[in-house]
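Chain nomenclature is as follows: A, B, C, D, E and F, assigned in order of appearance, with residue numbering initiated at 1 for each chain independently.
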């Protein structure tokens, strides 16, 4: 077995050694969700796992080994896709968890890591709809830890796209940026998939009437039951046309650099982080 | 008893008559949460109730009686205040529900209204952190209704501030708008309180060192347990100094007008609504 | 902002000062429930809030300031109305919570107050059906507090009508008292509404065939699903005809006086309380 | 195997035949709870099972076979004993279920019986504190049944002591009756135990200082955590001294007769039941 | 009241004395489930209660009083009967709990006993399908105990049939043993019922076509919804024909002896236990 | 994107086409659990995913395309590892879900697939402890489906090792087979890992004192809290020494062939399956 940051690919004895050095444990949270006809359905989980891996690796080098990283198995199913950020949970292929299930799952995993001895935890989100539920799960795990006399755990919750700065956004979206919510299956996700998992993208499929009329014009509210007609036929909310592997590399580099700074700032008291 | 849109102040027989005319039922959702030293803690619940009342009244006049409105009793406790949008749930006075409690509460109330015969429901949110939990509760109520053979319910979920348009924002925030999340106890909420509940605001208290250094500079992630030092000492995230009753009236008028359009569009198939 | 016992109308800094003096915190629990055609549906919540307010105010004067009172936001929705005490949860307008929701809500609110530092809590019930569920919620909150090392909380659970003594009952019900359960929308509730919220009562509506045949003759068991025919057409279980604002004042005075004695007895070790 | 009304002692084929004749199924609900030093802890469960058995047997004879009865296995653990009706759940021996567990248990058992084909169900309670939770469980089972297209179930919920009429009470308690709540381990329960399970009663133990000072003088509210000093040292709330097997027989006869009338009235549309 | 190991038949004061001597408390867990036409439906609960009673009695004699035993009220309803071990939960008469209900029930009972002071607990299972759920319930009770500062509880979970050794199996099943799962209503259970509850067995009914074709040939997987045709018409999975009271006595003696050894080994650090 | 049976690597449109042909959907369920020092912690999830993939591929070829297969994203975290089948959930690295979380997760995923239109579902288990919880989750999903009018779903639940026949076991374990439960990190799992993921195995580590004394001698009961000394120091329950890629291929081939037969038998009414 070769060295790795991924807990799934690590044996337990190696994991115990790393954790004995007070490693930061990342929990990637994604979804199994339609992402148009040009990408596989694992996008949210696969990208977040890759971003967490890249961040864990950068963390050790950027901090000269002061902080190590371990990436736990991702949560591969996410909260119900909402129409304004993921096209809607009515779409076949999108396989959603209810709120209480995701809360329970997040709680159990965080608490399990705490029992292992993890005291520095980063919950990295890659599916917009998940955030409040993993926040709740993390809090419930901390409450349980405190009730058991463990009071020194710190959890950082973040969404990786929040670490792409304004300058990068302007450079990558020369025709204007419509917001991270509409980025579902758009330029950011597609570019990152081209970087990390090019076999799971098929850019040829974008030249198709399915992809006309993007970005989607969605109301500033939600309707339940979902009104299917509000979602574009491809399930994408903005056009992935301008995506490229190069943009993926830029996005990864910027986000990883800023996340490393934020993590170092919180977990070592050092680093040089300021809000973007 | 005088005519009212508020269900709490209505007798059951009057309620049944209104519902028999297929009235839109609003559920305001707020919080019991610190709002600095210059405002009472009921802000989120009280404002949402007032905005729902104003919208219900405007709905009947704007639609020439085609749509009536009833405002159910508000949910007065909300989800855990988060540091980036409410200062944090660690602050004494802020009294929070856990995620599963709020989901259950939202579900039961929606389902109760459906059993009464309500088929047009508007969930109006006034505390940012609530949204995902009331969305989940609404969906669970719909699932229960469908399992019981009721398939013709429509629920619209919205946050009232999303209906303040760009032009109004620019006019009211001449020095730049920092986002709705930082508006906690800031100009919008204070102005609306001055309009609806002037007795629950004390503008004199703003002239105080507690209110220095606003708006707050908060990181683009959450930390649990909350780091108290990140929250400004007043608990406000932006300065309420420029608030006025006039701004409150403008905010109300714009938001109500746009909400009426959105509601009419969804529930009568008519109206003239476009996203703001 | 003027001085108040109501937490909703208090700013957080004032609340913290009062709580710093070890104030008794009241949680009123009501319901949103039909109360005939002569009263608004908020009766149980509105009366309990008013009774808690009156008790909180009397507490400070009766104890010469040794005990202060704060009234938290009421729980406005209650457990399913039962036929023998509220006419039944099948009646349109009555909007009920399931048992587990009410338990969770009571638990979260009590625990939130404990986290604020409250150590003296009075759960005041105003809807018969709620009692067992708020008892359970209070116990769960205490269990959570103890698991977190907080062992000095005391909670008093009571229903305000239990503090009306025999003499008063005999005086107010000269033709015989049929029990508190049948008092739903009867003389006690109507008289107190005439006292506290006269605008939400319409005594003229009582002169109507709907109100014939009261008090209701209900079986000494429950049937599920509810047999609608067992509930009188008005939804009232006894006649409100003999109600008056004066009786309301007597009821309030007696109950408040006795509740203050009971609270002082439990929370200051002093006072002069004996069971009624 | 001999004929029996007890489902536990019946083979499945016999049960299916009886249920095929639309038998009434009784679910006895009790508790495992201290009952002083003079009685075993099974009192609430054992008596309710016996009363349900006697009622089931009387039902078939009183209705000339029109209604048969089956007694399901009792729920042997009950809700937390409360100080005013059972001495309190802090007493060693008293083994209590939380509210949500009892709700779930009641729901599952009722729903299981419905799936068997039972359409006439009597929930017979023998532990005061249980009532609201089994009511909730029964309602949840009915909701599940309706969602599955089963709409013809009827459930009757009752407490057996409510069927002892005023005349009997006056005859059996010549020195005055203090209410069913204080009857915990008092004359009613002890007399019925002497009738049904004399081996589980030891009347000699009553002549002991433990039994002085009864009936208990309890406040008209609850305190949590329980104040142990409010409960008499024996755990009994009233004196069992005047108990006798003869009184047990009278109580059984009266209650069974009245329960049969109430059941026949609800389930056959006939019988001759009036409220006691 | 005569001396007994059964908590249900014990008064609270006697129970407290025994527990004061650090008695082992047994919790029998069974089911209410069809067991063919030749046995009553209480088999799993009744046998486990009897086996626990016999083990509790043997424990005191085998350890010369070093370890006493108390048998709590059994859990009389169990998890959904599965086709490969109980014929299936679709069979009328089989009355099943859902997984979360059984978990909650097991948790509450264990935690209740811990609060009484029990530190040595044996969970004795008599219905195969229950095991994982009572394991979970026991763990949750321990977690709650630890959070409350109680860290010295030990729980042993076992199924009584696992203590029948190979030699006995070979002697009792001369034609080959098909496994404990197929023993549902077969030789082991029937023989034990003939020993403990002969009135609840009717061996004459076995001579019937219903009992042809046993043992059942069941697939090595489960199907949901259950395919009724896979279960033999009697509901028994193997033939009870070779059952006898003598075999029952042998089974009891062997299992009790081995369970006593295992319990003594775990709870006194002594004894002479090796895995069978 | 190339053709695949894995839903995660499939785009939504391709998935919809496959499902439109009534494909069998597999849900692999594993765990994140220590597997000694010679294997990565993903074993249970990774192997089950690989076995499900191989089975899905074989299904289409063996049935000449009559049945297609899709493999949903695996459940990567499992129920608490038990000492007798996985070494115990106290071991650092083993990250466990509570019972109710796994039930909820299984329910949501199954129900999500049903909403997509899946009617043929295979739940493939690869972590012994999971089975009862996924059974419960599957049943709850079916109950929800039925309540929503969907009555034609069929779910097959199996553990892949149950499809290795006696002959293969005898051939692969010439020195005797100790049972599937002790196979944790033993010959079967190690051989399959050598076949599917050789990079995640390090056979050199087996030559180490950690691996002495296997197979483990475990009692025939469970103790909670776990007694760490009962688990061998490596965390393996039997020796992986005799493992080889060739044995892995034999195991895969036999199990896949038998699973295909069982699946075809249940889902096409054809095939040639008999119990092993």
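In this text, a contact is a pair of C-beta atoms (placed from the backbone, for glycine too) under 8 Å apart; a residue touches a chain by one contact, two chains touch by 3 or more.
What you are looking at is a predicted structure, and each value in this text was computed from that prediction instead of being measured.
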item	value
Recurring contact interface, reference E-F, options C-D, B-C or C-E [over half identical by residue number]	C-D
Relative orientation of copies chain C and chain D, as a Cα rotation angle in degrees, nearest 5	180
Mean-CA-position distance for chain F and chain D (Å)	48
Centroid distance [mean C-alpha coordinates] between chain E and chain D, Å	27
Touching two or more other chains - residues of chain E	98, 100, 147
Contact pairs between chains, per stated definition	A-B, A-C, A-E, A-F, B-C, B-D, B-F, C-D, C-E, D-E, D-F, E-F
Sites on chain E touched by chain D in the complex	1-2, 7-16, 19, 32, 34-42, 45-46, 72-74, 76-77, 91-98, 100-101, 104-105, 107-109, 112-113, 116-117, 199-202, 205, 235
Chain F-touching residues of chain B, taken from the complex the two chains share	143, 146-147
Sites on chain F touched by chain E in the complex	79-80, 82, 98-100, 103, 129, 131-133, 135-136, 138-140, 142, 154-158, 162-163, 217-225, 262, 266, 273, 275-276
Contact set on chain F toward chain B in their complex	144, 147-148
